[in-house]
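Next come two complexes, and both contain chain A; in the first it sits with chain B, in the second with chain C.
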Partner chain A sequence: MPRLPRADWYDLTRDMNWDFSYVTEEDVFPELLSNGFGVPKQDWWTWDEPYKITYAEYVHNQAGKDAGLFTVNNVVGRSKIFENLEPGWMAATLAHYGAIAVGEYQAGIGEARMARFGRAASWRNMATYGCLDETRHGQLQTYFPYQALNKEPRLDWAHKAYHTNEWGMIAARHLFDDMFTANDAVSMAIQLTFTFETGFTNLQFLGMAADAMKVGDIDFGALISSIQTDEARHAQQGEPTLKILVAAGKKDVAQNLFDRMFWRAWKVFALLTGLSMDYYTPLEHRTHSFKEFMEEFINTQFIDQFRDFGLEAPWYWDQLLNEMNWVHHAYHLGVYYWRPTVWWNPVAGTLPEERAWLEEKYPGWNDSFGKYWDVMGENVRAGHPELTLPETFPVVCNSCQIPLCTPAGYAAGYLSSPLPLLLDLDGRRYTFCSEPCKWVFEQAPGQFKGHLSIIDRFLGGVIQPPTIPGALAYMGLSPEECGQDGTNYAWAHASVPVAGGVGR
Partner chain B sequence: MAVSQRRPHRTWSLLGDVKKRPSAYDVTAAKFNYHFRRDPAPFEMDPQAPFNLFYLANREGSPFNVEDWEGFRDPAKLTYADYVTLQHERETYVDLLTDHHEAAESAADLDPAWVATLRDLFVPLRFPLHVLQMTGLYVGQMAPTAFVINCANFQAADELRRIQRIAYTTKVVANAHGDDLAATAAARDPWENGEAWQPLRRVLEQLLAVRDWGEAFVALNLAVKPVVDALVNGRLSELAAQNGDEYLSLLMAEFQLDSARSRDWTAALVRYAVAQDPAMRDVVQGWLSTWQPRADAAVEGLAPLFAAAAQPLPAATVTAAALAERAALLDAAGL
Partner chain C sequence: MALFPVQGIVEGDFVVVLVPVDDTDPMTVVAEKIAYHGIGKRVAPQDRPLKVRWNGTVLADDSTIAGLGCAPMDVLEVLYA
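And then the complex of A and B:
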């Protein structure tokens, strides 16, 4: 290997900052693409990445990682592992691939934005690796499901989902476009790399990788744990950006950027990971509840890191802690009930022993959310599964784009009112699921106010015919693709619910 | 486990009824860029939000547009895995080359006159090459299809590669011939103030101000980068060889592989666009008429530095060679 250690020469790869003579600073770094928030140019030039890597190290490492992964994929593809995955786990992985695969490729556009419009050469270099990483993640997370497409046609959604107007995908795009594809480089460093990747992605990927290995899904486990090693590196673009903002007296800017995206990420995370962890992952393989995971990894470790920079927990912290008790249970009920509107087959996850686990992890679950499942179970046992299916649509939040679940939160005793929050602006009425969602909208109305939620489209005549089949077609769901009960109602035919908790 | 009963697709449903199963390259890029020409706006936000308007103006609204970009293919057909595997092999070669010359203490033997040429011509290179990296990634974030995005992003990563090897070599030469060569000022001062560098700095700063994706692609890949590559890889390699610097000669020649890949997809993209719509030839030519003279001035600015070496290359030869390489590219592109 070359003699000089990296530290001897690395600075010469990252000092390419200079004063422009032939164009203006604004020409090179326009505010739309790179909001400097008034921090002096030379301050940005001090941007110092905590994790250093050379191009040679990068390609040597990555080539090795990919060679290993493709070997696993090849071996697993010739086995019966996929066919033997449990239905709940299949639901979790299908949801993951649809919501994440092409979205990760799009994060490459965000990384490319930082690699072009980041305000220091050192930062632009790190983002160049990040751009390559996200290309990798988009390609791997489509290639792997593609290999199993002949075994499970629903894996088509790993590729198709972002082209559709399926409601969950509208919510995903609405989040990710705000976070990276349509965000400026500086805000993105705080909102994508620090808030989302350091906080939430870490959790989704590490948690799911561990679960995948336990359920025997070696392919998926190897895939996402390998991806996480890249995320852990390029997520570190947030910290130096945050340090520069704080040092320049822009703590309020950083706090605002963080608060807005942390809440947005929480909502989609509760929908995707909340259901996976507490309902879809087979009971015997669960190590934490979603709430415990949130408390440990996000609310303790991540927020401690955040406080190290002199920032505070978001103003809505009490609402977050409150929602952690109930909102994903409500989402799960909604997704199950409106299951024709999703591309995976939701499992109920409410066998007696599963209900006992839920009661233990969320005391009072049986008396609140369990009651809905009691009614649905009775309908199924009475030979009327159609009564567990929707005839109307819910109200959707104009911020997070997820159906409002305030009545369920109220009924479970967590909210003081079942009513949504409203905002009248420029002659239009907007509806929100929560105070923070309304606040997020109000922080950047120009970004959001002309957007139509799926219900706005339904009521406004965009979706024709305005019926459930019409809406399903609008969402890109063929009758064969519409989600069905993942266990053919086995949960409903099991014995009646048990009260109290049993440790597993 | 009960899997869905629907008839399995031969490939992704969005790729239609294909006769032959597409390659891994195809299925990990085709139609990934779902927001291009999306209705009512590219991004899932207010259709009038500034970012939607920016992309509508500079991507969808670019004069460089054809009905279907998804049919374009990179001649090298590189996936990410292919790219890192290829470059892992090339970097292994460069590591070995470096080992060999470090064992031979080649840097210590360099003629001081050649070191002076390196100071003037080689050390500042990381600044302009970084602009090639930046603008490559601009094309990458704005291009209409993943088949182009990937090419542009890999090209930008290749610039990072070249810069890092230049930085390493700069440090090695500095250790043997004077630490100040490794100071930022040794590169930035000539870049900001050296007369020879100003035409190049001018065109590259102007390139940083371009917003239209098609113009950025044409200016970078057809006007500026081909001549910069011709100087940096080709002529500098030749100059190093005749001044006794075998290591630098082989190093810079190595980067010709990356540049050739860039030229291949560039020519292929232009040919594809013109085949789709012959009017694209004039669109490209229009931009070239602006950017070629600027790039030519950059070549003419730098050529005297080659002529000032102890064993020189005449400035006129350097200029002619760079322009000839670009002419060959334009010819390959059917322009």
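And then the complex of A and C:
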């Protein structure tokens, strides 16, 4: 059967825009689901994706990817590769699956919204593929861990985590609801596909794929590499949307949407990827520090791309650069100390050689962060590991929902005050970890002010009994599921603080 | 007497912690209750008395939450004198 070249029919078949006569434009594209920001509809019809694909090509490509991927999964499943993964890498993969897998399905809801409420037929066409992509990612990232449940039962958190009130998952849902579940199609194209996927998923997926291969986890490496090829395609919905907004004089709208989500994405990636790269990935397999990765892939490549569209770095840029030096070190301390509240076994990552690496990558780390590990290590060596476990909760930020670590920034010399920021609004007190988090909240207080953080729930009597065990049960964590030290305190017994550094 | 939640920061620590105190506790007791969650656990202890700072002011040892008019979830810093 003769086939026309794609270029001869592609534009015709994907452009199904027309003027409505039986219904109004507002009825078809209600603002709540499809905020056009006042851009004329004909302008939206110029939407043109930089990467073209047809349905036949899509199916062919995806089938090929899955065939390769499931072959790897099948072979690895019969090997001892999983059993031989190092504890730190196991922690990284368990954290990843729980935080990401079901969120992919939720991203599918977002893509489906753009597939219906996107302002141009060409955009809706691309979003349809995006919806199929995200469904695939959800399926893959629940199926792969399911295959290994007999080796690590807590891999069921790939499916379970999103349905619990575990504190990190409250943070993830708060972010993703803002980014797509409760978002309109146009804002989503800027915030999900451009800001989050173009900017940040590269960090998690490309970085972790490379690390996975070095570690020998070819199953996980192949999985997230395959996912990233989809992300790279459907993330391109952001660029044409951004161009249309800017061309229509809505640069301020685009900048605001970007600034709000870039900061939010940063906080969650510092928590997830920051720990994986700088503490969980075995030392011999690390190529970049988290900070170096951020500088290369986000601060240089991505922001350069952003400036090409006539936009500027966010107003909080200096604060972002500042936090890159310290915030994920504090988050790691917090996750380790409050390890019963997570579903993986955090490793300390503070063996002497690991501390030397941290000191090299983050000059001053031993003085600013090593001192906490020194005290905890002394307690372990003195036979009191219980002193490295929590008896209360950290207060969390009412924007990012992550524990308030401002004192760490102050103690390390990066902030002028250890105090969090407070806001009293409509008879309720809100606490924030940083100016940008408070600013994000204040951009849409009606959207955020009703949300209860894990601490608000604790104080409000939602969590019963109001104790550590009560809170763990509320988070869906049975004693068998609660995180424990990933190396049975090997770090503490291997390192003894000495003047000017750490020795054995 | 009433339980009163505050946000506690131990000087030198890395995190803000939730601490229930009693609104009639003198600041010496408030300091101990907050310090319990940081000193000797992540922050090395020192042989000096503890003080409480609120809104930039170091409080008298015998002052109380109720007497000062603190609001729930105010931030109290514990530091060595």
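Note that in this section the second predicted complex is superposed on the first by the 492 of 504 C-alpha atoms of A that agree within 3 Å, B and C clash if a C-alpha of one lies under 4 Å from a C-alpha of the other, contacts with A are read in each partner's own complex, and residues count from 1 in each chain.
The rule is short, and it goes like this: contacts are C-beta pairs under 8 Å (C-beta built on N, C-alpha and C of every residue); 3 or more make two chains touch, one makes a residue touch a chain.
It should be emphasised that the depicted structure is a prediction, and the values quoted were computed from it without experimental measurement.
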Which superposed partner A:L459 touches (first chain B, second chain C, both, neither): second
Chain B versus chain C as contact partner of A:L132, first or second or both or neither: first
Contacts of A:H493 with chain B and chain C, given as first, second, both or neither: neither
Partner chain(s) touched by A:P394 [first = chain B, second = chain C, both, neither]: second
Touched partner set for A:R381, first chain B, second chain C, both or neither: neither
Partner chain(s) touched by A:L149 [first = chain B, second = chain C, both, neither]: first
First (chain B), second (chain C), both or neither touched by A:T406: second
Touching partner for A:R307 - first (chain B), second (chain C), both, neither: neither
Superposed model, chain A: greater residue contact from chain B or chain C: B
Sites on chain B touched by chain A in the complex: 1-9, 11-14, 24, 27-29, 31-32, 34-35, 42-52, 54-55, 79-81, 83-85, 87-88, 91-92, 94-95, 98-99, 102, 126-127, 130, 133-135, 137-138, 140-141, 146, 149-150, 153-154, 156-157, 160-161, 163-164, 167-168, 170-172, 175, 182, 184, 187-188, 191-192, 201-202, 205-206, 208-209
Interfacial residue positions of chain C with respect to chain A in the complex: 5, 7, 9-19, 36-37, 40-44, 71-73, 75, 77
Complex contact set, residues of chain A against chain B: 1-4, 8-13, 15-16, 18-23, 27-28, 32-33, 54-56, 58-60, 62-64, 66-67, 70, 83-87, 90, 102, 105-106, 108-109, 112-113, 115-116, 121, 124-125, 127-128, 131-132, 135-136, 138-140, 142-143, 146, 149-154, 156, 159-160, 162-163, 170, 173-174, 177-178, 181-183, 345, 446-451, 478, 480-481, 488
Of all residues in chain A, those that touch chain C in their complex: 330, 333-334, 337, 369, 371-372, 374-376, 379, 387-388, 390-395, 403-408, 411, 418-420, 422, 429, 431, 455, 458-459
